[in-house]
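Here it is: the structure, laid out below.
Labels for the chains are A, B and C, by order of writing; each one numbers its residues from 1.
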Amino acid sequence: MAEIVETIVIGISIGCLYGLIGLCFTVIYNATDVINFAQGEFLMLGAVWSWLLATVLGISLWIAALIIVGLSLIAAVVFERIVITPLMNMNAGFIRIAICTMGISMIISGATGVLTKFDWLRADPFFGITVWGVGGVSIQPQYVMVVVETLIFLGIYYFFSKSTIYGIALRATGFNKTTVRLLGVAPAAMVFLAFGIAAVMSGLGGMAMAPVTNPNAMMGLPLVIKGFVAAIVGGLGNPYAAVVGGIFVGVLASLVTAYLSSAYAEIAVFAVLIGFLAIRPSGLFGEAK
Amino acid sequence: MRSTKPTTILIIVLLVVVATLPLFGKYVTYLSHLIGIAIILALGINIFWGLCGQIQFGAAGFYAVGAYACALLQAKLGWHVAYALPAAVLASLLIGLVTAPALLRLKIHTLALGTMAFALVVYYWLETTASVTGGEEGLRVLAAYVSGYRLGPVFYYYLITLFVILGFIVAERFKRCKIGRAWMAIREDEGCAAVMGINVGRYKLLAFLICCGYLGLGGALFAQQSGWITPMSFGIFYNVTIIFPVIVGGLGSNWGCILGGVVMTLLPQVLSGMQQYQVLVYGFLLAGLMFAPKGLASLLEEGTRKLWRTFSVVAHTGDKTEDRQHCGEN
Amino acid sequence: MREERLLSIRELSKDFGGLRALDRVSLGAEEGKITAVIGPNGAGKTTLINAISRVFKCDGGEILFDNKQIGKLQAHDITGVGIARTFQVVRLFKQLTVLENVMIGSHSRMKTGIFQVLCRTGLARSEEENAQKDGMDALRFVGLEDKAGNLAGTLAYGQQRLVELARALASKPRLLLLDEPAAGLNPREVDMLFNLFERIREQRITIVLVEHNMGLVMSCADMVVVLAQGRTIAEGSPKEIGNNPTVIKAYLGKGWVYDRS
């Protein structure tokens, strides 16, 4: 019994990670119609930087977090300026942009791989070797941290998108660029904002997850695929639903891995995706067309 | 007016090289196997994606179906490769037929994800069914014999080349006829194509199945020339790189598929000393190409046109003046 | 009751979510004549064209073409029964050449199957030649035969509209549905359009014309139907419509004077 609960907890935690990617990816997609294959790389970078700063250099966690935020923002700016906006100005179809993001994803993971020799890095847990025991169930605080972090991000995003002018504009960009202008905000700024938010959230998510997932340069692509599944299962276009979808996927994967194998877990996840695409493409919370 | 002498010389040289390639050694033969297969795959993907405009991110899945179907029929049922090969193509078509209703309804983003999901399901399924498919360790592909002679690399070179030529001719025929036009119309504007009388669903299915056919064929040929297949050849990374030749050559161009096949097969060989940079280089290639949408084919077209002009001038330096005027540049 | 008119629409209704775009619309088009559909924006004119060309299913009513129900047909069947259309905003296949675009119009008339096409049998080759010939004829009809090899996307807007018309004509239709063909054209181009309509009418091709350009409508239409808010509010000859107080109030405005010159 305790094992099932532990498995589910891990599943929820990893699911939050998928959901986070799904959320970030949805934010970008809503604002710019771009499918960002490189989304997982922001998370990978967060994890690798976390390893570098906290484990290797021994910098305190809070400072490391700040540095990661900064680095993520820089990454977002570079990505957006060099790649996304020029392509959008060229009126490139979003397939081309999507494939380009795939290329960027390979550049980022390839470069990181060269620097880390594609090793699996070992990051120290933030809370040492403490393990919480709750009613006979042992839970690593790291997993809880990811969940808490995701919830905090969700809250911040909710507040931001409902109450601030930039947040409202961000939601509106996907619908109508003119509306955005009327609000006094430049559409180009929206693109940067979307990428910035996505990069920072993913980066911090990666940081939190580094101790349990063992950062690796190539971890980005499988993660972003799970993020897509999360977004679609939840309902494409709905950031909150993406998190729910992610948790669903995470728990499913975790359970199947525990009782069968990780390969079967992958099959289960993709079978679920195909099932949704075939029967209910709008996802759990999307509007059926 | 085009000068005929240099063209004919070049073509003859190319034909001679292609016909006698195995004489250049085992390594060259091996490379041309890979190039040929890459071209066949690219031609198939080009039909579904380049002409019909539907994203195919799951090519590796059908490629794997072709390879494993062929290998399994030979290993478990003892079929001769002459039967296993077409059967493998059929298997790929069948799987395509089964997945088509679910996949072809999808548009763009979800189609991309759906096809990718399919390929990944195939890949992970291959890893889990060790008893049947050898799992991670893979499957040995039995050598085939015809009247006592072993079918070796040289035979497969000519077979692959034959299929490349046939596949190319078929692809070009499709492109220039009403079917190709219908596909391109669907690519440009699906709704408008429908109102113009094109049965979009049926044509998409046709393009999809033909693509599956090419992919299955490529897979079966790969299994034969490789001797041992593992799921690794069909995994996530390969699923991404399998589309490189089409994109490098330019979506929509069959000649581009040939170009892309050559480039993408030779590239890893060039990089062989710098293995760890492979992902990085591929990334730059892919991202960079997106800024030049017509692919290398059109860029090279420009280049070769200029090169051709120089070549013609040089080749005709000894000609009499009137002849040169007749054969002047277009 | 046997229907005399080539196209007959009875009590047609279409809802989009909460919006009633067409509300029991009834109208007809006589063969060989030009029937114009006019009305303010949002009246449902384009929805009407979309309904006839089977872009979507309607929620009520029926559409009779040549006395046959076509309300259940799929979009790709309409060229087969002899209906072709153009779009309000030009929808050409931009990456194809002008001739290829027009040849798509002949698509449904080409009956050869895959294998015949691939093997380039005599039948397939002659069909392809015929399609090419018909395409060039259509281009000649609209005066663009010298642009046949150009990419459709490179043409000027007015010329693109003509290519769309040629594409529709290439399917040898009995009924042409034209959605604001004069939109975005200068007066000289509109005159050319008027001449084309006359020549199309000579070939006994029926035209249903949605248009805002009143000059064009009043000078070429045999019958005018006025739609407003999804309903027919008037039907009659151009002169009758021009003097109809309801129509003037809903759409034309008092300053408009009917003058067929």
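We adopt the following convention: a residue touches a chain if its C-beta (ideal position, glycine included) is under 8 Å from a C-beta of that chain, and two chains touch if they have at least 3 such contacts.
On a predicted model such as this, the values are computed, not experimentally measured, just so you know.
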Chain-level touch network, classified as line, ring, star, complete or other: line
Chain occupying the middle, per Cα centroid: B
Length of the line joining the C-alpha centres of chain A and chain B, rounded to whole Å: 34
Centroid distance [mean C-alpha coordinates] between chain C and chain B, Å: 42
Chain centre separation in whole Å, for chain C relative to chain A (CA means): 49
Chain A residues counted as touching two or more neighbouring chains: none
Residues on chain C engaged by chain B in the complex (per definition of touch): 53-55, 74-80, 85, 87, 91, 93-96, 100, 103-105, 107-108, 110, 112, 114, 117-118, 120, 124, 127-128, 131, 167, 171
Chain B-touching residues of chain A, taken from the complex the two chains share: 35, 83, 86-87, 90, 92, 94-100, 102-111, 113-114, 117-118, 218, 221-222, 225, 228-229, 232, 236, 261, 263-264, 266-267, 270-271, 273-274, 277-278, 281
Residue ranges of chain B in contact with chain A within the complex: 55, 101-103, 105-106, 108-110, 112-114, 116-118, 120-121, 124-125, 127-128, 236, 240, 247, 276-291, 293
Interface residues, chain B side, partner chain C - complex: 170, 173-174, 177-179, 181-182, 184-185, 187-189, 191-200, 206
